[in-house]
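Attaching a single structure in structure tokens format; questions to follow.
Order of writing sets the labels: A, B, C and D. Residues in every chain begin at 1.
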């Protein structure tokens, strides 16, 4: 059975390592924070200017001066700091943020990502996504393997306007964990009870299937 | 000491003209110069080019400028959450220049600091890079981006003194501190205008030299755009 | 929270090797990482390339590194007030690269912020511009300058917490805050190491993300280079 | 009679206007602060990271964390602020500092200045001088009209390595106030009891002498 959004987030949470500063994009990536074990020393950065984000505030405790990049009210944890947007993107550009998790409309086998614009549809802008993907060494894309019409979002070549090139290293979808290597998509793990042929069918680009593909371990 | 205080908001905006380029601090509805925006929306001036991270919501923040059709060109990073803006964009009443947020921030900071241009990796290989110089440093590719040229910067700070020294609060610092001094004239509304000497020189985020005019904002609604709460355990 | 505290100064300097490039905070003797400098001067390592605003005095600050012949190349802005340094410079024992102070500062800040290169007017028309790209923006001429590449940044802060958040004091901020995070590894000695939660997130000058290792400095002499007093009226 | 250093500083103090942020170099420029009338709203910047400098501290009140660019102990006035060196030179480069006063070894009639290096002699470095002269719109050079050998420091063309080009607008010496215009040095004022022929003799570059050259008012 394929994963739901929380399942994807849960799997990505395993990628977080001690000492990681992490930027979580809007959507599935935001859910990752819910699955981080409390022992792990990690801090969440939001590109509008905060490091050390905590949970959302209790009702009545919200503060208009404390929001995240999704404009949601937030709290901070001890050790937090605030800074301007140039410094915030300096952290990102300067590779001080260790891991970026973001959603995508398409990823291709060269590591390109498209997640900000559909020609002919309303364009809302790239926000910080182009800075994030151009800068981070460690980018994980969190998305469903196919779109709502069943078309693969793992492409030979992105068809939509790009957000960045040569940047995505790992993709976690409802079906699989896939790395991008020189030759194409490398299947690393499959979701519980998902068969390899399902992943093959749902992937447009070159999919490299090693002899043993282990099942994701999710708790 | 040099005094930057002006007696009221009209004096603060003196010299603003139709067709000028304005920088506006804030991210979403957080840290926006709401008093200045209101006056501008009700002014006779229009045809502005605005540089700001976002475009507000329909009836608040930068949204008031679109509602009153004050903006000709919008330079921004993310323009969602405002249906009147969308309408004007789709009907080509307004020109929209989308810029990666980090590039937008650094172009403000460059203007503030007298750096005419810099290289950034953001947008390499995308349509943002079209027509721009690409250069390789340490085997990575970067785009040349130039500093903004603006007439007025409209800023909101938490505390400020009569010398123009500013302290911001929480994530309301965002674009405010880097737009201060990035335009020919910088105008700041503050929640708390305090006498000189009340702010610790060590705790000042933005020195008064970057500020031209400062005033006590009349009222601050500080609306929340996306109220999100945790449920108690 | 991510902990940056190391138990002692040896751990703080782990990984340092002869021939590395070091950034050292401070201006004159103000805000120098004096504990780190002392240990380095007494270490077995040498042949360093050092980036720092000045070169200390004969028997204190960076001067200790020259006294112990630890430096191969000095990148600096003003190298007066140190006779042993002068001797090594005049006898070509040490290579000296002089850089306008604002350019030096911005090259540190660029390294910190992932900007590979920028344009500055400083030095146009002088020997500093030789071999560098010149470009015109808004009819003024600028020089292309690249970010520094350094292995270690040695920093001194006033207060710091275990998460690496820093607060500087007075003019001791100088190059310290802009070198933090500008090298592969950033090591900070603080006068007061405080528990996490003691520093107001609003008052932090340099967020802990830019810091790799932090420790309580053993002793701070904080020598004054040029004591100047007013006479009482 | 030609001015001494304090006289030069006194004359330059008259150039300060209400609302000016001023950067004073080492030497004669530092003395300018002594002649600023208390009614005038000015603030002094030092490029090592302070705005709002006050007088030197009384004995026993000095603070190792409070120095100016000459490494002298200082105090601050109400309204002062501290900042890092990138911000400090950003103020200078971004033309937020209204007036820069600095010394020179040579100035030429094209507005070039040389003040950091004598070939064959010990070089100490340019410090912040190159940033200051390349950035400021309003630069006043404070210096003696001739060197200790009697050679003019107002040249047709600087012979020493340059600090900056096309930047000096006004020179105040022990003999005169001189502006640099397209055609050369324009004599604006002469020091009390200094004759024009003395200024002519002491000036190497083209000196333009208007019909009436007023005497400096110094009291």
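As a working rule, a residue touches a chain if its C-beta (ideal position, glycine included) is under 8 Å from a C-beta of that chain, and two chains touch if they have at least 3 such contacts.
What you see is a predicted model; the values in this text were computed from it and never measured.
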For chain B and chain D, chains touching each: C
A-C or A-B - the one linked by more C-beta pairs in contact: A-B
Length of the line joining the C-alpha centres of chain A and chain D, rounded to whole Å: 56
Whole-Å gap between the CA centroids of chain C and chain D: 29
Centre-to-centre distance between chain C and chain A (centres being mean Cα positions), rounded to whole Å: 36
Sequence positions of chain D contacting 2 or more other chains: 50, 82-83, 86, 89-90, 92-93, 135
Chain B: positions in contact with at least two other chains: 106, 113-115, 120-121, 168-170, 201-202
Pairwise touch network: line, ring, star, complete, or other: other
All pairs of touching chains, each written as two labels joined by a dash: A-B, A-C, B-C, B-D, C-D
Chain C residues touching chain A - in the complex, by the definition given at the top: 1-3, 111-115, 161-163, 165, 181, 196-197, 201-202, 204, 207-210
Chain A - residues contacting chain C, complex: 18-21, 41-43, 45, 50-52, 76-83, 86-87, 89-97, 135
Chain B partner contacts - residues on chain A that touch it in the complex: 46-50, 55-59, 62-68, 70-74, 82-86, 88-90, 92-93, 112, 122-131, 134-135, 161-166
Complex interface listing, chain C residues touching chain D: 27-31, 53, 76-81, 86, 90, 98, 100-106, 108-109, 120-128, 158, 168-178, 222-230, 232
Contacting residues of chain C [partner chain B, same complex]: 106, 110, 113-121, 135, 137-138, 140, 142, 146, 149, 167-170, 201-203
